[in-house]
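One chain, subunit A, appears in both complexes that follow, with subunit B as partner in the first and subunit C in the second.
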Partner chain A sequence: MDMEIDFSGVLTCMHTEISLVAVIVVAFLYDLFAGKRGREIFHPFMCILMLLFIAANIVPFPNEDGELFGGMYLYKPVYGIIKSILAIGTLIVFLQSGSWLRREDTSFKRGEYYVLTLSTLLGMYFMISAGHFLMFFIGMELATVPMACLVALDKYRHNSAEAGAKFILSALFSSGLMLYGISFFYGTAGTLYFSDMAARIDGNALQIMSMVFFFAGLGFKISLVPFHLWTADTYQGAPTNVTSYLSVISKGAAAFTLMVVLVKVFGNMVAQWQLMLYIVIILSITVANLFAIRQKDLKRFLAFSSISQAGYIMLAVISGTPYGMTSLIFYVLIYMVANLAAFGVISTVEQHSGGKVGMDDYNGLYRTNPKLAVTMTLALFSLAGIPPFAGFFSKFFIFASAFEEGFHVLVFIALINTVISLYYYLLVVKAMFITPNDSPIATFRSDCGTRISLVLCLAGVIVLGLVSSVFDGISLFSFGL
Partner chain B sequence: MIPMEYYLVVSTIMMFVGVYGFLTRRNLLAMLISVELILNSVDINFVVFNRFLFPGQLEGFFFSLFAIGISAAETAVAIAIIINIYRNIRNIQVKNLDKMKW
Partner chain C sequence: MNILSLFPAIPLLMMLGLWISRNTKQIHAVMVAGSSALLALSVYLVFAFLGMRAAGNTAEMLFTDSLVWYAPLNIHYSVGVDGISVAMLLLSSIIVFTGTFASWQMKTDVKEFFMWFCLLSVGVFGFFISIDLFTMFMFYEVALIPMYLLIGVWGTGRKEYSAMKLTLMLMGGSALILIGILGIYFGSGATTMNILEIAALHNIPVEMQRVWFPIVFIGFGVLGALFPFHTWSPDGHASAPTAVSMLHAGVLMKLGGYGCFRIAMYLLPEAAQELSWIFIILTTISVVYGAFSACVQTDLKYINAYSSVSHCGLVLFAILMMNATAATGAVLQMLSHGLMTALFFALIGMIYGRTHTRDIRELSGLMRIMPFLSVCYVIAGLANLGLPGLSGFVAEMTIFNGAFMDNDTFHRVVTIIACTSIVITAVYILRLVGKILYGTCTNPEHLKLTDATWDERLAVVVLIVAVAGLGLAPMWVSDMINDSVLPIISHILN
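Let's look at the complex of A and B:
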């Protein structure tokens, strides 16, 4: 087969990835050559660099589909949207990690932190834009391997190493399962290009088996319930800023990719994967909610909360429509601001109180740090879906997209679970506002980056739901599904 | 020539031996070796399918080459983390990795 590859599109379609690579190279060189004074402004420098990167790529450009390398790399405007959202989330995580990175035992690995984080982001970009299973696999591993290093970054803290081991072994195991599934797809379809595979998949027994393997592999990454066992330990043990990155950015990217692959490649097996998702959604939402109730460590608590949120995201995937795609992107955006606000509070409290992350430690936080307590409360309200915060609207669109496709019972179960989740989110609020405490966490002033990030997140939580043009704007692009 | 089924039997056995080992072994390095068995069975699958079913292509060969490279990178990171655990607690048995529970 003679294939002509047109390289002229590299700059127009791949500009996001290329500029991200440039950012990574600059961060690496800066870390290598900066003097003592340069290192002191490394953190603001990286935040400004990320801001420039986002500003250059926030508008999806060009506004038409494109492909590169014979269809291995696909560009669609809707991919540009989700990539911008992930980049904004990364910037917020960077803003929040300032005081952690200034600590004496981490300050010498600042450079590694930025380079590794941005490498995972690059991997997610390639995974999102993949048009071939090889590209998909490489992108996914590029997102996973540096992530394991990040989880284990607190080298002398045993919990971090333990979390890293649990993460990398589950990740290896899940990518093994996923590859096993892909290998049988190759055997039955004869190609690994998404566009060619779609027509050659007919849902025979071998393909159903490989679909199960493939789904199990991705389920590990998104931490859906039968495959969620690594999540709580990894989230608890990892450095808090890494946890927030892991819970939002990598989950959002994997969920988006899962939807694209299921709809575009496995369109002929829609009955099979909808059944699979149906079971997994009910399990994820319910089991994670029940476990979240009994958690006493806030990072662990948010781990279970993020598992159940992943279940809600899957409600958009199961619908498989452009409307579902729009509500998925919107949900990821809202979940990102709310969850990053919660993690931002946890991280800054942890840094200023000598590592306190227990729910009991937060008793009486409102008396000493009212602003942080209110921020946390609004973030949790948004996660729970209380109107008028953005979380209510994103949940509403997700439910509507699944309801339209006839999953009435499923939406009903999800609604009941929303009520249960309200209970445990309010447990934290109760601890902060009502429970008396003789020795609450002392009053402190967070650093500038954290304050900026929390204001950004709060603005997102309050404004994004009320400004309907956000949802409409995304829906303009999601025809690209 | 040896028929394709023979290769597939080998790779399937490797796959499930790997899964069994991953679930039963209590030593981090042994678990890592089990995972490698899974990844290698995948490589065999890709090469065999390419060679027997689609001899005109190279997709399967390339996929297994990339899979080998990437699994090497993953193993390197995993071993680095395991060494770190060993330095911290002088042990790599899974039963000692229970600082965080439920």
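Let's look at the complex of A and C:
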């Protein structure tokens, strides 16, 4: 491979990463130099900055593939789309974190929160755009290590510190596994460039083993069963806004990358990884659903729900078709707005009720906070795949993509599981609307950022499915085996 | 805008209107305006449809329209109606109209109740106008989920249990339908989701049909109260508030029969012929078992719910006979059962609203106390047991006539068995009427009760007029249905 590095494409292909670095630097400098008054408007400032960043990058350009640094960094329009989706999700999380960040024990850590969050986002961007396993690994680590700090950001809270420790340990373990797998690849293929590897993968035993290691490493990030054991504790312990970021953005990026790598690098081993995914999907969806039924803490509950959702996302990966990729991106988008709406409600209720996150605390929420209860209901309906909400459409497309490739029984099992998932989503709805409560959470008014974010999410939940243009737009750029 | 798209659009507008309403008066105004518009629209549609047929338009579906929705999956928003759907639309709008008046006295969370009620009707209307598999399925599910909250929040008795059971069983059914739809779509070469085009292609391999037919039929059959998947129905109906029971038993259960006919049998004809015997046995059990169960119940709503299992079983029984007469009877039975069961549930709701009990052991001599409601109850009962002159007779006569036309032993034997349900129905209806309406009232509290108010009278009278209208002059509607059933039946048989 010719290693001459061409810098001319940096500005055209890498503009998203470069502008994100600029945002991080601005946030860092603002945190350093802003005065007392400046710090008061730090939160709106960051939201606006993020909005500008999204506005500059939302439409993927240039409209053709490109590569940098001799193939280490790849650009494709479809990468631009998933990056925009992740950026929008990050903005929504930022909007929701306002009241948490104003608390006395966190307000001095604001700067760190923004910089760390955006660093993980940058890591995911590099992970998505990687054309070489080293680049991929560096991106993944950049996305993981700051995340551990974020999880432990409420360090005086016992839970949060514990969650941080659990997260970093499992993350290191999974990274180690993945590196081990990658080293075997290098041994058998003699290169780590995606483009060169594809031809040299022939599915021998060593490569199968290393693919399993690699998959296990990413499985931890996506929290698929049996690599999910850290998820519930971490989700429960982490600050709610960090949990929502973790459950959506980090998972979405990892799922997308998994599909890209499986399709691009392991095209010759399709039979092997489809079998592997087949088992993992059934386990993830079923186990997570059965555990979710028993949860009483809403954050743990959504942790298990997100594990099962990850299983559904894998249905798109297993198809390996361009249509599957479109469905995956669409699913991630819809899952993002719905899950962020649910977490937004949990977060604002937690902030205004002195930390209540139990399902029983939500009894009678509709009587006191009808708008939040309705928001939560619609978000859960969308997660359960009930029309006319967007989740119905994204689930249908996922099922269709797997069905098209002949996975009839798998789709059937997944469909039966949607009924189970509907049961536990309805338990929350029942708590809010039906179960009477003598001392429900008092009526309160959320802060402006949360309200904006919830309106955005609800608009997404209602509109994204009924309007087909987003799906059509994504499908223009998708690619498959 | 296509006239058919108005059917789901009006309830959506009603939801918007309800959202901005400030008091009960405005809410009632919105509901009355909207449901009257729906009723007027469906009556207009009947005349327009008949007019176009009279003018010689023989296309299978009229008023068709199609918009590309999700091009990569060939999903279109396609609408169109034949005689069956026109009849169902008319039925739905009558029930929505009368349901509005039947819930006039509702006090708690009126606005939310009617908003969910309207969402339910969006689903129902949308389902009947759709001729695209995906769109149809979407509307089907839209009609299911509001039931959970409508029963869970506004219901009575074991409402949480019933609501959850109903929702999960119906969603389980719809999971089967979904996989069946994917099977049909990809099995037919994945070029279209339009029902008519898939039927015209007629290229789904028979071995695949054998897999998908039972799945789709059971999927829709759950909603059509197919034995043994009917268990949600008695609990659900007993716990639901009046208007919801009316809409659910009156219209929603018809979605099941309609879907079985229009999707399972029409699109998978070879398997339907091969495997129909299994479902004929199951539906025969539904018919007889439902009627027997109704005999031993003591709760008015349970009696009617089991009676619905029996009558809806008859719908599925008739379409499985696969001849035009029985199928016409099936659609007539959908209409007739929809109207009279809605009438029953409305009356039960009104009686329960006064006496606060539905236990027939605690009720007696109501004829003296509330003569209007009692007389109507007798009429509903007579329609239910198939008295000539009322709608039940026309429907059941046509069904059994058609079913007996098949001259093999199996079909004739099951027809005779199913016929016994008429007698059993007479047993429980007459026993019930005698027990609660006649005799002397022993409960002094009940003596103080009053008869129906104007809104209740309106709801009941509209339904009775429809039941009697269908019974006295069935030809105009049965011709319309028969016209549309013929192409489907001939497609299934060839």
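We take it that the second predicted complex is superposed on the first by the 476 of 481 C-alpha atoms of A that agree within 3 Å, B and C clash if a C-alpha of one lies under 4 Å from a C-alpha of the other, contacts with A are read in each partner's own complex, and residues count from 1 in each chain.
By definition in this document, a contact is a pair of C-beta atoms (placed from the backbone, for glycine too) under 8 Å apart; a residue touches a chain by one contact, two chains touch by 3 or more.
Keep in mind it's a predicted model, so treat the numbers as computed, not measured.
Novice: With the two structures laid over each other on chain A, which partner does A:E404 touch: subunit B (first), subunit C (second), both, or neither?
Specialist: Second partner only.
Novice: Where does A:V429 make contact in the superposed view: on subunit B (first), on subunit C (second), on both, or on neither?
Specialist: In the superposition, A:V429 contacts subunit C only.
Novice: Taking the superposition as given, does A:V145 touch the first partner, subunit B, the second, subunit C, both, or neither?
Specialist: Once the two structures are laid over each other on A, A:V145 reaches subunit B alone.
Novice: Of subunit B and subunit C, which one touches more of subunit A's residues?
Specialist: So, of the two partners, B touches more residues of subunit A.
Novice: Have a look at where A:A163 lands relative to subunit B and subunit C in the superposition and call it first, second, both or neither.
Specialist: A:A163 sits against subunit B, while subunit C stays out of touch.
Novice: Please work out whether A:F444 is in contact with subunit B alone, subunit C alone, both, or neither, and reply first, second, both or neither.
Specialist: neither
Novice: Can A:Q236 be said to touch subunit B (first), subunit C (second), both, or neither?
Specialist: The first partner, subunit B, only.
Novice: Tell me the contact category for A:Y186 with respect to subunit B and subunit C: first, second, both or neither.
Specialist: In the superposed model, A:Y186 contacts subunit B only, not subunit C.
Novice: Could you please specify the touching residues of subunit C with respect to subunit A in the complex?
Specialist: Counting only subunit C, the residues touching subunit A are 69-73, 134, 138-139, 141-142, 145, 148-149, 152-153, 159-160, 164, 167-168, 171-172, 175-176, 178-179, 182-183, 185-186, 190.
Novice: In their complex, what parts of subunit A are in touch with subunit C?
Specialist: 323, 326, 381, 386-388, 392-393, 396-397, 399-400, 403-404, 408, 411-412, 415-416, 418-419, 422-423, 426, 429-430, 433-434, 468, 471-472, 475
Novice: Show me the residue ranges of subunit A that touch subunit B in the complex, using the header's touch definition.
Specialist: Residue positions touching the partner: 133-134, 137-138, 141, 144-145, 148-149, 152, 155-156, 158-159, 161-166, 168-169, 171-173, 175-177, 179-180, 182-184, 186-187, 190-192, 232-233, 236-237, 291, 294, 300.
Novice: Quick check on the complex: what are the subunit B residues that touch subunit A?
Specialist: Listed in rising order, the residues are 15, 18, 22, 28, 31-32, 35, 38-39, 41-42, 45-46, 49-50, 53-54, 57, 59-60, 62-63, 66-67, 70-71, 73-75, 77-78, 80-82, 84-85, 88-89, 97, 99-100, 102.
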